[in-house]
Structures are given as structure tokens and as C-alpha cells.
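Next up: some structures, all given as C-alpha cells.
Paired with chain B in one complex and with chain C in the other, chain A is shared by the two complexes that follow.
Coming up: the complex of A and B.
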């Protein structure tokens, strides 16, 4: 069984622990063993050290990566910010001068960054290591006839130079669409697919601008696709889509709401896991679509060989 | 004992701003053999040169060292001064204290001054041992070669031919014409490109002194100025051009199709094809890469016999040709034929290509409604795939809104840092032509800056604004495909300071000009150098814009750097004039910095023969045994044979052993 270090970050355990639960269900079931990284800290988030001091950023990121190095595993994150931060930090530390400066800091806590562990996003592992075929074989419910608007998020797309797994063209990403289509659903292209959802630094500094970007994106989704749900592989995007639809609704900007899932939540539901464990917390209502996903008519015939 | 005169140059502040010139002069004065040591603000000025001449005339000096800029540009100037003063011009040595000292050590004046002293001492050491040498002359083949049959190559060939020199014009496509033949109209006068180019192509085709070698490529170049031997490969046409009348019947009947490069891939052509309607020469070729060998008629096979009629079954192209120029039974060599040409000078005018849209991921390269500016040129040309109607390729509708994006791949560190120079103007041209033809069409143009430097160019641009064409300053960040085929442009308007978004039907990318395919290979064959932007390097950016570091080789057009048609034609005429100089002189001078074998010392071992990179050395009988002989016309004076000779029988004039030892002694003193 493949073994990988699970780097949870902050948003998932604090704001969406059901996403964490979905990881812990689906990855082992698909043959990837998750190893916890004891003592892992903040990645550190974009608005902190990365905004003012490169060596400090690399030292904090480097410390997290050394935990995986000691265990001899690669790192998997579920949050795009963590993924971007750790990937970029590792890229910076490939330069000997930077590595030396960072290790001088890490030496004070008895650590040394070696560069032996790679950084992956959960989406990378699902798409490249597990693969869509294995996902298809693991399903208990198929999602045929459901339409999904995908939201890969920015930090899994750019800067692609620093990433182990790259999209063919980051401006027109396909990995998350492939993963959704593996469930039997439809996941068409739409015009603002790769656009920012407005989360991140903008959400904390200028809510109105953030909501402006979000509204534009949501409109493209509604007008071009009118989907049954929005599916993302970024915990920050998940939070924005989940909470900001409510704000727009209260303000009367929109008169609809679209259920939002983190991809592994949807996968876990399609694999038959209990929604109370894997998809329990959201502001936007998901009961209806969850019931639809796990409905009798969608059950895949047990007699059919699975070969999991 | 030699009497060396040392002249140290300030070069304004170029040298004196870093190096203590007086200290260098005073130091030189103390060295053995130095008769006088002087300095001047500019040694290359009239007064500076006169100083040298006077010292020679006064009998003060018989060897000259100038410590100054670089021999690359100034050695010929000072050699001429020596000759004018009455001294053999090879009794001169230059100490490079600018390019290799003051310019590179500007931060360390003390160290630079010490280095200058050493460099000057070394030059004095060598100068003391210099010997007089005489220039040599060889006869010239009175013929020229022009490589590339675009507008630059055509004009270079015509100029040379009009001066009375036999000129070969080599072009790799089946017809001459180049990129200009693909253009619709030309800025800033809106002349029809074909209307002004076609007569010139015909002139070149009919000129008694020009021999067109189209569908041909340069295979190999040997020799030197005045006497080049060039191997040209004519690719296999599979059609007998002596019989072909250019009627096009074979193309009409040919069922095989492939993207038409002349229409920038916007349409298909047949495997048997004529390059374009106004082709010169108007001859058909069969593109074997696309040919499907109808009726099993692979080249060199016997035709099958029909069971019904008993007649042989021929391919449609063979049957269609009224001139009998196609016979697929002939075992034609797919490698074509090689022709050997003897020429005295060569003009290289190999042109450029534009980047393909596939390089630009942010601009939806897979979308048919995003095209390059060259593709638009074909789309609005009367000989193009739509007969000149502007139709959006993806929808085949007339566009309501269209968008131009400048600097795509140019001025962009990811691709090319250079400005492609012509894009601003041709985009404005395209926009103006379209606005005139379709007044309701909304045209948005996005520029980093509008570069309209040229006669009548800025007026052309301001005219475009007055016509109601929308000009935005700022970059386009990306484009998104919308349902129904439209595109959403996402850009920045620098003047308003805001991001802008709008929907468009057709997007035109002004992609960068870059070196033509095969340019690297040709450079290797000819010894051409590249500059930082991957265009051929001219001898001097200001004073030698058509010459190259290889004597007898000249440049014209976009292979030397992006330029428009007027600049290309000007440079082509300049290159032709320069290329004609050795041809009209009838002989060329060869510098005597060459290797020579002392036959009495040569053992005839032959070690030097395979070492010579220029095949200049052969073994010839001398007295009782074979000994090495160096062909002066082939020798480049590299010194490989001199250093390898175990008998020390080969001397490299101008770099003799005692001269080099004297330099080393001075440097290590």
C-alpha cells in the first residue's frame, strides 16, 4: 500500500473536519495509507511570513516538510494554500544559498531540511497515483445525469513551475473534471473555471471586492451550466462557496443556492460512506442532493465485478 | 634593435575614466626597445594618426604599439597609418586596454592600470620581434549567391544582376516571394502586396543574369571570399519542370490533402500543388509526405494493368498532366539532385517565421476563433481561403467585434525579449482595412505601447484612432471560451487604471518574429554567428550592418533582425552593393597572417594534414620525399598545424614563436 504523510493545515480540521473524515475514509479504501505528521504547524499562510520574509517562510514550511522527511514519506495537502506555500518553499530551498540560510534557522530546533519529500495535493494523488479507473471501480453509486461545476482553485494551478504534477494548460485545467467524470457525472468547461473565487487575502482585506469576484464567477456557473452542485479540491474555495452564497442570498443578489462539496466528500458519498461522517457541515443545504446521490436507483449492481 | 613607438589612447573617458593613462605611458617609456611613448585623447583621430606617421618619417620608430580600444574595429585604421607613414603595416601590434580592461574592470581603477601596463608590455615584447609581411591577392569568381527568395533576397539578386554579375537565387519553397507574397496589403500606403511584389518576382525570374534555384536548399559551403564552392540540393519535385507549364491540372485531380502552409494552415492544399497563383517559377511539385500513391503508383513502380481493358492504370496526376511532365514509373531519387556552384560572394536573406499560437496557453490556442496575425492576413487576402471575406473560422459568420493583441511572445521574458518591430504597424493596417470594409465592425486593439516610428507611420496610427478603432494601452491577461463560440477578453486599461472585460468574436495574436526554421543548420554550414536574440549577427551593429564576421558573406532582411519591407529592401540593396565589391575588383586581398611550411625542416610525417579544419594542407613531393604544403587560399591562420608540428617546421606569420615567447616573458616579468 502506498503511504503518504497527511498535512491537514488549519481550515480543514478547524472549519471542515468532515473533509478530513472523507480523506480518512476514501484514501485507505483506494489503497493509499495516510500517515499523520505529528507536530506539524501552520504552513505558514500567505498573509503571514510569506508576505514579508522569504527565509522565515521557508523555515516554517521547511520545518513541516522535515517531519515528513523523518518518516520517509511525501506530503499530501487538502488545502490549496498549504499546497502552494509548501511547494513554493521547497522550490526556493532548491537553491543552495537559500537552503543553507534556512537550515541555519532550523538548526536551532535541531532540524535539517534535506529535500527528500515531495509535496502533493490530494487531487494529484487521486488523479496521478490512484487514477480514474480505480476510482470508477470503487463506486457504490453512480452520478450519471448530474452536472457539476468544478473549482480547482488558483494555488493548484499556478505557478506550475514549482509543482510535481502539472496541468497540460493551467488556463484550461482538466484534472478535477476528469475526477468528477469518473463518478459518472458531467463536468463541463465554463468560462471562469480557472478564475479566483475571491477567497484568500482579498476576503480578509476587502470583503466587497472578494464578493464581487465571487458573484461574477457564480453567475458564469449558473448561466452557463446551471449545475446540480459545485465541486472543489480547495478547502478555502469550499468555504467561500459555502458561506458567501448565503450572504448574496440575504442581500438579494441571487435567488438560488448551489450545493458545494469538497471532491473527496462527493467521492466518499459515491463510495457509500455515511454522510453524517463525510459531509455533515455546511451552510448551503446539501441534504437533497446527498439523498439523490445515495438513492436506490443510483446503486451500482453488486453482482458486477469490481476488482477493488 | 627595434625602435618601438608606444601610443596610449584615452578614448575620451572610455579608457582614461578608469585607467591612469599617464602612468601607463610613463611605464612604457622605461621598457627596453621603446624609442618613444606618447598619449592622445583619441589616437584614431587625424592628429593621433599624424603623430604616428611623423615619428615614422622622423626615423624615430620602426615598430608601433597602440594601446587602445580593440583590434576588431581599429587595427585596420592604424595599419593604414603605418603604411601612410612609410612603414610595413604588419609591424603593428595593438594592446587592448579598453574592451578587455577599462570596460570590464571599471570598478577597480588601480588593478585596471596595472593590467594595462602588463598588456602594453606584452605588446611591446611582441612588436620588437615583428617582421614585415606582404598582402597576397587571389582571383575572384565573378558570380554571387543569394540564399532566400523573399523580398530581401529578390532585391539583392536583382541589384547584383543589374550590376552585371551572374547571380544564383536559392529558395527552399517551390516559388520565390517569401512571406511578403502571403500579405494582403502593406503599411502605411495600403499598396496591395501582390501587386507590387509580383512584377519584381517576374523580373527576377526573367533576368538574364539571374538563375532561380527554387525548391532548393544549401547543402554545404566551402572556400573563402572570392572563391566559394556551394552545394545546392534541389529537392525532388516528382514533376519534370522542363515540361511543366504550371497549368495546375495535376492539383485539380489530386485527391490527397494536407494543410496549406501558404494559407497559414487555414485551408488545405493537394499533395500535387502550385505554391500560390502568382508563383515564379509557376511549376507544380508533388509533396510526397502527403501523397497517397493513387492506383498503387508509388514512385518507380510499374503501373498495374486493368483486367477489363488491358490498359495500364495511371494515377490521376499523371493522367491529368497535358504536358506529360508526370511519370511515376521513373525511379526518381527522393533526395533530389545536387548542384555545385562557384561564387565569389554570398548574400544570406533567409527571413523569419512567426510564432504559432500553440505557444500561448493563456489565449485559448485550441480555439479556432483565436488566430495569428499572419492567418488574418490570409483571411483578408483576395487569394486567401475565403476570397478576402472576413469570416470567423469557428462559426463561419461575420464578426461583430474583434480584438487585436500586441507583443504576443515579443517583449516577453518567457519567449523573446526583442520587439518584433512590425506588429504595431501591421495590426493597425489590418484594423484600418477591416474598418473601411466593415464600418459596423467594432475593433479593439490592445497595445503595450504603439511603436510607429517610420515615415508616415504615426500619421497612419492617429488616422486609425480617428476612424473609430478603439486603442487600449495595457496587456491582455487571457481569454475565455464562451458557449456559442464567442470569447471573453480579460485585459487591463492602463489609461483608465481598471481591468476590462468584454465579449469578442475573433481574436488576433500578433505573434513574435523569430529565426526561420533551419537557420541554425545554415549558420553551421556557413560559419555565421548569432546575436543574443537568435538572429544572425552582423559585423558591426552600426557600421557593418550588412557584413558578417565571415568575409564575403552578407546579410539582408529579417534573418539579421525583425524589420519591415522598406528596411528589408534597403538592407538588401546595401548587401548587394557590398557583395559586388569583390566581384567588380576581380581579386581579393588575403592577409598574410597564414601558416607556412619550411620544407627543409618538414619530415613529411603528415600529422598536420588531418588536423587542419580547412583542408588546406596536403603532402606534395619535395626533393626526395613528400612534405606538407599549405594552400594559402584555404588557410585561415588558426595555428593548429603550427602547434602540432613535431619538427617545428610550420611557422604562423604574425604569431611566430619568438614573438609569443616575448609576450609571455613580458607578462611574467
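Coming up: the complex of A and C.
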């Protein structure tokens, strides 16, 4: 069994722990053992150390990575921001001068960054290590006839030169579409598929500008696809789509709402896990589509001989 | 008729400041604007990002724009880095400018909570209500992170205290 260090970050364990629970259910069931990284903290978020000092950013990121190095595992995170921050910090520390300066800081807390653990996104592991065939075999419910608008988010795509796993064309990403199609659903291209959702620093700096970008993206999704759900592999995008649809609805900007899932939540549902554990926290209602996903008619009959 | 007055000394100082803070590619910029064309911040209405921010720095106008909030609207998405034909890595310039602003405490007060959260719990985002949410989905109330680990918190505090952030008196 493959083994990987589960780096939690902040948003997933504290705001959307049902996403964390979905990781803990689906990865072991798909043959990837998750090892906790005890004492790991914030990546650190873009608005903290990275906005003040490069070496402090690298030291806080480096400290997190050393926990995985000591355990002899690579790092997997489900948060795009953490993925970007840790990947870039590791990239900066490839320069010997930077590494030396950062290790002088880490030495004060009894640590040394070696660079032996790689940084992966949960989506990377699903697409490259587990693969769509194994995902197809694990399903208890199939999603045929359901349409998904995918939202990969920004930090999993750019800058591609600091990442281990790359899309063929980062401006036309296909990995998340592949993963959704593996469940039997349809996950078509749409014009603003790679566009930013407006979460992050932009939202804390100017919420109206953030909502402006978000509204344009949401309208594109609704008008071009009119999907049954939006599926993302970024916890920040998840929060934006989940909470900001409610704001737009209250303001009368939209008169609809589209259920939102983190990909592993949808996968966990299709694998038959309990929605009370893996998809239980959201402002935008999901119970209708969850009931549809886990309905009797979608059950894959394991007893069927499949021509054997 | 007077033209734009360029003060070479001021330009050199601005460029050095930004390069020292991590914007090492700035001098390679030819002002083509490829970065701004793909920038979600520019699209959302933050004018002083990517090309225009770099232009101001290359003109030596650093103090003049210190209060600009555009840089804090940067998503750090790095679309700019991906498309830049000159390998400037514009996002690194934007963040270097942020560091210049932060060093002068030209920062939004909204960021102070995350700095304190990071210092106290090791997490920039933390909320006590998470315990209830975690219990609800069948997870232990406290995750295996720095939040429940005094030694980890001490390590993070030691790193932060001796950093430029500590010197600014943020904690």
C-alpha cells in the first residue's frame, strides 16, 4: 500500500472537516494509506508570512515539510493555497543560499529542511497514483446522466514549473474532468473553466470585487452548462461557491443555487460512504442531489456476472 | 515643454528594494502586458498589479504608491508567471512590493487577526466552533495539528518572533 503524509492546513480541518473525513474514507479504500503529520500548522497563508518576509515563509513551510521528511513520506494536501505555498517554498529552497538561510532559522527549533519529501495535491494522487480505472472499480453508485461543472482553482495549475504533476495545458485543465467522468457523470468544458473564483486575498481586501468575479463565473456555469452540481478540488473555491451563492441569492442577483462538492466528497458518496460524515456541512443545500446520487436505481449490482 | 523627470537614484533605490525583497526578475520586464491580460486582480478592478505596478517601480515611484491596496488583491495565482515571456515572475514582484508595504506597516487592519491566530495556534484560520463541526462528522474535536500541540506552537512562535514580523511588533 502506498503511504503519504496528510497535510491538513486550516480551512479543511476547521471549516469543512467533512472534506477531511472524505479523505480519511476514500484514500485507504483506494489503497493509499494516510499518515498524519503531527504538529503541522498553517502553510503559512499568503496574507501572513509570505506577505512579510521570504525566509520566514520558507521557514514556516519548511517546518511543516520536515515533519513529513522525518516520517519518510511525501506530503499530500487538499487545499490549493497550501499546495501552492508549500510547492513554491520548496522551489525557493532549491537554491543553496536560501536553503542555508532557512535552515539557520529552523536550527533554532531543532529542525533541518532536507528537501527529501515531495509536495502533492490530493487531485494529483487520485489522477496519477490511483488512476481513473481503480476509481471506477470502487464505485457503489454510478452518476450517469448527471452534469458537473468543474472548478480546479488556481494554485493547482500555476506556476507549473514548481509542481511535480502538470496538466498538458494549464489553461485547459482536464484532470478534474477525468476524475468526474470516472464516476459516470458528464463534466464538459465551459468558457471560464480555469477562471478564478475570487476567494483568497481578493475577498478579504475587497469583497465586492471578489463577488464580481464570482458572479461572472457562476453565470457562465449556469448559462453554458446548467449543471446538477459544481465540483472542485480546492477548499477555498469550495467555500466561495458554497457561501457566496447565498449572498447573491439574498441580494436577488441569482434566483437559483447549484450544489457544491469537494471532489472526494462526491467520490465518497459514490463509494457508498455516509453523507452525515463526508458531506454534512454546507450553506448551499445538497440533500436533494445526495439522495439522487445514493438512490436505489444508481446502485451498481456487484452480483451481476458481467459476462463471466 | 518639460518631459517626465526621471531620477536615476530613486529608480535604483526602488529596484534594489524590490529585488532584495524577492522580486528578482523585475529588470527583465519589457512592459508587454501579457501578465495584466491574464490577471484576475486586474480583471476584478485592482489597477496597480502586474505591468502597471512594475512600471511604477521601474519609474522609481515606490513611496508614492505605498498606500495602494491593489497588491493585497493579488490572488498569488501565478497566471502572470506562467505567461510572462521574459521570465520576470511578476507575482514575486507583487509580493516583494507587499513586503515593502508591510515593512512600513502599510497593511490592512483586517490581516492582523490572521497574524495573531498564526502566532497563537499555528493556524492563520482557526475557530472554536470547529470542535462541534468535527464531532458532527465523526472526527476527534481537535485535529493532529499544531492547534493541540504546545511544542509545535512554541516552534512556530520562535520562528515568528525572530522574523521581521516579530520586529514589527505584530504579536
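Observations
Just so we're on the same page, the second predicted complex is superposed on the first by the 303 of 308 C-alpha atoms of A that agree within 3 Å, B and C clash if a C-alpha of one lies under 4 Å from a C-alpha of the other, contacts with A are read in each partner's own complex, and residues count from 1 in each chain.
Convention: contacts are C-beta pairs under 8 Å (C-beta built on N, C-alpha and C of every residue); 3 or more make two chains touch, one makes a residue touch a chain.
Since the model is a prediction, treat every value here as computed from it, not as a measurement.
In the superposed pair of complexes, A:189 makes contact with chain B only, with no contact to chain C. When chain A is checked against chain B and against chain C, the one touching more of its residues turns out to be C.
In the superposition on chain A, contact is made by A:224 with chain B only, not with chain C.
Contacts of A:136 after superposition: neither chain B nor chain C is touched.
In the superposed model, A:170 makes contact with both chain B and chain C.
By the touch criterion stated above, A:249 is placed in contact with neither chain B nor chain C. For the contact definition in use here, the residues of chain A common to its chain B contact set and its chain C contact set are 170-171.
Across the interface of their complex, chain A is touched by residues 21-22, 40-41, 43-46, 69, 72-79, 81-82, 89, 91, 95, 98-99, 102-103, 107-108, 110-111, 114-115, 118, 121-127, 130, 133-134, 136-139, 143-147, 149, 151-156, 158-160, 162-165, 168 of chain C. Considering their complex, residues 8, 10-11, 13-15, 17-18, 20-21, 24, 36-42, 44-56, 59-60, 63, 84, 105-106, 108-111, 154-155, 157-160, 170-171, 195-196, 198, 200-202, 204-206, 209-210, 212-213, 276-278, 280-281 of chain A touch chain C.
Here chain A touches chain B in the complex through residues 169-172, 189, 191-192, 224, going by the rule given at the top. Partner chain A is touched in their complex by these residues of chain B: 361-362, 364, 366, 478, 480-483, 488.
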